[in-house]
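Remarks on the structure that follows.
Should a chain be cited, it is by its letter among A, B, C, D, E, F, G and H, assigned in written order, with residues numbered from 1 in that chain.
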Amino acid sequence: MKRWEFRLSGTGGQGLITAGIILAEAAVIEGKEVVQSQSYGPEARGGASKAEVIIDTKKINYPKVVIPDVLLAMSPEAAQKYGSEIKEGGTIIVDSSFIENFVNEKAKVIKIPITKLAKEEIGKTFVANIIAVSALVGLTKVVSFEALKEAVLNRIPKGTEEINIKALEIGWRWAQEKV
Amino acid sequence: MKRWEFRLSGTGGQGLITAGIILAEAAVIEGKEVVQSQSYGPEARGGASKAEVIIDTKKINYPKVVIPDVLLAMSPEAAQKYGSEIKEGGTIIVDSSFIENFVNEKAKVIKIPITKLAKEEIGKTFVANIIAVSALVGLTKVVSFEALKEAVLNRIPKGTEEINIKALEIGWRWAQEKV
Amino acid sequence: MRPDLQHLFRMEKLPHIWCPGCGHGIITRAIAEAINESGIDLDKTVIVSGIGCSSRAPGYMNFDTLHTLHGRALAFATGVKLANPELNVFVITGDGDATAIGGNHFIHAARRNIDLTVILFNNNIYGMTGGQYSPLTPTGKMAATSPYGNPENNFDVAALAIAAGASFVARGTAFHDKLLVNSIKEGIKNKGFSLIEALSMCPTSYGRRNKMGSAADMIKHLKDNAVNVVTAQKLPPEKLEGKFLIGTLHYKPYREFTEEYDKLIARVQKEGK
Amino acid sequence: MRPDLQHLFRMEKLPHIWCPGCGHGIITRAIAEAINESGIDLDKTVIVSGIGCSSRAPGYMNFDTLHTLHGRALAFATGVKLANPELNVFVITGDGDATAIGGNHFIHAARRNIDLTVILFNNNIYGMTGGQYSPLTPTGKMAATSPYGNPENNFDVAALAIAAGASFVARGTAFHDKLLVNSIKEGIKNKGFSLIEALSMCPTSYGRRNKMGSAADMIKHLKDNAVNVVTAQKLPPEKLEGKFLIGTLHYKPYREFTEEYDKLIARVQKEGK
Amino acid sequence: MADKPLDIDQKSCKGCGICYSLCPKKAITGDIRGKVVLSAPDLCSRCGICESHCPDYAIFVRREKK
Amino acid sequence: MADKPLDIDQKSCKGCGICYSLCPKKAITGDIRGKVVLSAPDLCSRCGICESHCPDYAIFVRREKK
Amino acid sequence: MKKRKARLVQGNRACAEGALAAGVRFFAGYPITPSTEIAEIMSEELPKLGGKFIQMEDEIGGMTCILGAALTGKKVLTASSGPGISLKQEAIGYAALAEIPCVIVNVQRLGPSTGGPTSTAQGDIMQARWGTHGDHPIIALCPSSVYECFTLTVTAVNYAEKYRTPVYVLLDEIIGHMREKVEFPDISELEIIDRKRPDCPPVDYLPYKIDKTLIPAMADFGTGYKWHVTGLMHDETGFPTGKPEIIDAQLKRLMNKIEKYEDEILLWEDIETDDAEILIVAYGSTARSAVEAVENLRTEGIKVGLFRPITIWPFPEKALRSKLENVKHIIVPEMNYGQLSLEVERVCKDKAPVSGLYKVNSLPLSPNEVMAKVREVL
Amino acid sequence: MKKRKARLVQGNRACAEGALAAGVRFFAGYPITPSTEIAEIMSEELPKLGGKFIQMEDEIGGMTCILGAALTGKKVLTASSGPGISLKQEAIGYAALAEIPCVIVNVQRLGPSTGGPTSTAQGDIMQARWGTHGDHPIIALCPSSVYECFTLTVTAVNYAEKYRTPVYVLLDEIIGHMREKVEFPDISELEIIDRKRPDCPPVDYLPYKIDKTLIPAMADFGTGYKWHVTGLMHDETGFPTGKPEIIDAQLKRLMNKIEKYEDEILLWEDIETDDAEILIVAYGSTARSAVEAVENLRTEGIKVGLFRPITIWPFPEKALRSKLENVKHIIVPEMNYGQLSLEVERVCKDKAPVSGLYKVNSLPLSPNEVMAKVREVL
């Protein structure tokens, strides 16, 4: 397997760091090498948020994304800030609930109304991150759906299994449609 | 003039540091090079006390006494502690008010009942240090009596001129008798 | 923003970095309003802060502003004020900044009764570092470093300031905006150490962990549990259970440090001692 | 020395370094007597101090003794006590050590109401460094750094401790030896933060500069100006002018920190939260 | 809209909900993201509560000039 | 001198004068350097004031054994 | 060997878990980004183990509190970052002189001053050695991975206990905050060292005894030894002394006790150094970029190697010099303006020129930057 | 030239008088042996000049208080010793980053920790450079005589004002406490430098402007410039920034502003170095012993010389290297376990071996000891 570099971006409160951790833990379940990191704004809460995950079968030295294979952008600011940094032929998933008119010539741009789906199909916007990570895995197949599901179930609060599985399925389905 | 090294020792409260400063200031008045230093016990008051003065006509590099030409010992502990460190043929002045049976083969030992003199002839033990420094100058002639007197008058509190001059004279007289 | 307050802000620095619903913004506005109404010389006004979410406030305010080190605002401010007593010196600080790492400077500035107007943004938590308990976090409350409930007792910071020597002490909240503005104005007028404890809300790091609901719920909590000192005097003790007092808690002007020092200089220069 | 106290001292370290007439020796003896009479386990007793003439006392006392850093005795002692609550932990500190550089640890240890018995040797000065003014040097007094009289206000350290959260606060003097011994014994009994302010004399660095006469004069001054709190209640205010109170100033036991922490552990180990 | 009782700076609003939860007249409400909207301008009494409690200075109440 | 009321440790005494200035019976005084001397043993009431106020632990009052 | 489960763990958590595995049962500190997770985890985990956590009023309180606790026999830890570490300096010197075992984790952030609280840097390397006044011994370990955060914290606790000395674990923000797949060794596989305690009766006990081990036994407070601890110069009994010969002997023992055991204390790693003509010296997260650079450049046939000091202080001077045979140029990439590179220059200047590659702007040093620098000196 | 009177003056007093002569009008501090006389003298003299003295609650308060005062336009001073200097480290980093002029006198005593309060040492040399976290500029001057205590304190105040930076004056207890005959220059003969103040209108003012001088002008608080000061990484306007390129540019300016002016800043003295085969590098009181040793050994025909750095930080590297032509061995006598000698080794190792002569036992290093060491390497 090649080295995969993911960048998940948006604003604080969208659960992107959790999404990154889930993706990384799914990779652990599959026995892959993985490094996850994140960047912070000033010490205070509420600003921009960015999580990065690198997955490989070889040992990972440099722990930061050099140029992402896959970018997830969940807010217009994030799309604006990170939208141009992408590997030639890479994939950009944008949350079309908020982001309009996004273009990038180098990459495949996949528009999914992630937050809308969460709101409309599940009724809880906080599962948007799960839809997103599922779509991202669905598009790249970097880990299996089963591993992802296990990782999600390990992380989430008790009692929310059902809606999270539903979110996973929505993301997966959208991804399959887009491939 | 040769390099003169003086060590003035006793207990805190006997005014030995003041005596050292006066000796040093007398040397300044005469245009000589001079360095004065002192050593402290633990930060607290009341312990042993030691002042050192080096007088020379040349620039003084090393500011500490290597081996004194002249030692003043105003307490039995001081005599005990410093009594053996003296230049061959040097001079040791001991306050015979407190110190009995002091011997040193290398040096000339001069016994003066300094504190008793202060008490009996002036009625104030606190001028003992002035008697001592005057005796010490009288024995060595390292500076003139006039310079010493000027230095004393510069340092002491107003109103104590008379008793200090008297103390100077007592010390000087005793020294002349001993030379 | 109200146009008549805009000149007190660095408008180009807004919006601020605080979270949605953070009480600090409300208190900052109240300070600006108090300064505006008190008519002090804006060019001769310095605002000093430590480190924390609250301590970011001066950066948005249009004065000489000094964002210092965690806990040290009062020591810096003491230097500013003593070096130039002409200046109006304000200190903005947090509960952690003022009473944890800064506790010593706090009691000593109060002891000296140095003429500083101190606004302590009390959100009962270390907001900026993500919600660890502070000396003003009530016993039993949840925080990032008290996952089993805070085992420590908390200070009554107003009582502490009074015992240390502050000449003016008042308490306000983010809800009681008019009272807060007035307390700050009184603090400005007092020639001496003035503490205004301003109860704030931190929905992000405190409210959430302690199931206090939304920012709106938290501000209502401030509304519902405050009792004005004047009213309180007429109430039986049972009625005050679980409540806190707002208004002027202490006012007793006495010798102020920088004035005394100036007198000392005048005396020494004249009489030599 | 009384033979029945000798086992509490490191006799071979005596005579101590304090100046002739220094009150610290008297207070140190009183501590030994209080320990002796209170019957605590001497092997399980730790005496912690900071830096200063007063803080040299533990070196003469026959226990596990910890001479720490200037101002930090209470923070070290907090570690000792919390790590092993079985130990009886005493803190010996000076007015400078406890209320200047150590002021923050002082108010926080009081806030936690942690079970420490603190004896503050108050000689109103930094003795060890040669007589600079401390936060307990009265306004106007002469010191090496206040050659024109101390321009600062001084703390009432007992009031400060009470406001911060101490559960037992008493004041004694080097003259009132029996009362001092009793206060220390009460402090030992109190499960919580106990402060005993012991007024001392520093003839070398304070008395001389302030023309207070000999050590004997200074101890008489303590005798003549102290009023027992119990007596004071019956006296009209004029009679208390210029006097100070001695005896138990505050006693209000409440939740003690290390006990609470042990409860927390028990609960977490049993219930997991 | 010269007699609009208040100006809202939508960009500054962070949608905390304080203003419309405190508004005694229910003249303002929150949109889907919680951001304030002036939903019933006629109800507004220009009391200023929303203005002085907005942590983000996003509301300005137009008062009568004297 | 089995019935000497107190023992003095001359080496420890620093001559501060506290003991003999506090002694209610004037049983002790100071020598030329201020160090304590038991000048009037018969006057001593063994009250212990000197003992407990000596900063240098230089006095031990002999009390009756029970 | 026990079967362990691979997990995704953060560097800061690994430090905390390592400390607990090594037997740490007391933590005192004050929150500061980016070290705060360590305190938070300790506040949650210690009570479960009967240990104690206390959030002190400031960093000085945190440092001095653990020293008090250590004297009762506990293994102790504190964690902080730049501003807090600066505040702790006086107390760290006390720990060194009074010889109280303790471990200080410094998760380095961008400095000086408040600097960049959430940004990475390696700016406190020299401070770890020289931050407190006066000559003093110090040990500092520097992990490059989450796994090492665990194992080196265990080592740090062991060293602290064995050598009666403060030990730093120097992370940088990247290492502290990144998560990595790890399989920590089981506690049963770890070597855990406890401090030497006296076996003599109290009357014979010398808490600062000069013997051939150079490391005196340490009695727990409350066990009847009634000893004295001070930050003043002291003799074998622990009591203050002003005697020059005793001060000399005790200070020399203090410095020599670390030197004597350097063979055990000094840890390092080297990669492709046998025939290296260009040697990179790197540590912490920067070493990961260097490894990547070496691997890449070797595929091009460039003779480059890496020397990674793991024990930063004392510096593995001899080990480094032993790798210099063919070296023509040394490169030291650091996220600071040149700190360890000064030490490398001191050690190696007579053998090969030393070039620093410095970057201090909140971003990590990348493998590409290291490779570019190597090509520059080729 | 004005006629001055020769006086017997203590080193600490000379520092205080130098500060007053240079225009210092604000002192905040906390007493500590052996620096206390400086505070005591300032408390007496400042009110006479309309200046302010304040004894703060601790050393952190002392350091931060002077920074507040400096922002109002005053020239400021604090003084302390080992333990107090360690406590000031965080605030010294703030001064460096926020570029607030201030002078810190450290009268070095025996360390580490409380150590030997009344004993001499030179143990804080490296701390002066590296004590605070993060990379930062620093200047440190080191007098060898009472006269230099005066003149170098004047220089220190001038440097602080000119370069907007904290400046250390590093005394050792011997220099601080000894009295010497001196004739200080009259104030009229001194060059006194005031900080550059803005001449632009407030709207154009950039308190951290990057221009070719590298040293931005500084407005007094209260004069309408309404600027912002922070210990966070900031841009030219003084407001916090997270932008890597700006952090980089500002930090580089910070480091380079000292480097740029090294020709002015670096002070040193050399004696008999022209043909020296053995070079002694010494500073502070130790240099006096070295001078004596050089004078004595030269009478025996031994080719020995002395290089005395007066500016210790930045270290006069080029000047030292320029003296090495014939040098076969370098000796660095220090009252520590080897601090500046590490720097000397770094600078000179490729030219000549460096041997330390270390003594840390409360006693000064004597000329005889230096001479013995020279003979040893002959």
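Observations
Operating definition for what follows: a residue touches a chain if its C-beta (ideal position, glycine included) is under 8 Å from a C-beta of that chain, and two chains touch if they have at least 3 such contacts.
All values derive from a computational prediction rather than experimental measurement.
Steps from chain E to chain F, taking the shortest chain of touch contacts, total 3. The interface carrying the most C-beta pairs in contact is the one between chains G-H. With centres taken as mean Cα positions, chain H sits 54 Å from chain A. Chain F and chain H have centres, each the mean of its CA atoms, that are 55 Å apart.
Distance between chain centres (mean CA atoms), chain A to chain E: 36 Å. Look at where the CA atoms of chain A average out and do the same for chain C: the two points lie 42 Å apart.
Each of residues 14 in chain F touches at least two other chains. Across the assembly, chain A contributes residues 41-43, 46 that each touch 2 or more other chains.
In chain G, the residues touching two or more other chains are 33, 47, 57-58, 60, 83, 90, 94, 113-114, 117, 230-232, 240, 242.
Within the complex, the chain D residues that touch chain G are 13, 43-44, 46, 48, 51, 58-59, 62-69, 72, 75-84, 86-87, 104-105, 108, 261, 264-265, 268-269. Against chain F, in their complex, chain D makes its touches with residues 1-3, 9, 14-16, 18-26, 29-30, 174-175, 177-178, 203, 214-216, 219-220. Residues 21, 24-25, 27-28, 31-43, 60-64, 66 of chain A touch chain G in their complex.
Per the touch definition, chain H reaches chain B in the complex via residues 6-8, 33, 117-118, 174, 177-181, 285, 288-289, 291-292, 295, 364, 366-368. Those residues of chain H lying in contact with chain D across their complex are 30-33, 36, 39-40, 43-44, 47, 53, 55, 57-59, 83, 113-114.
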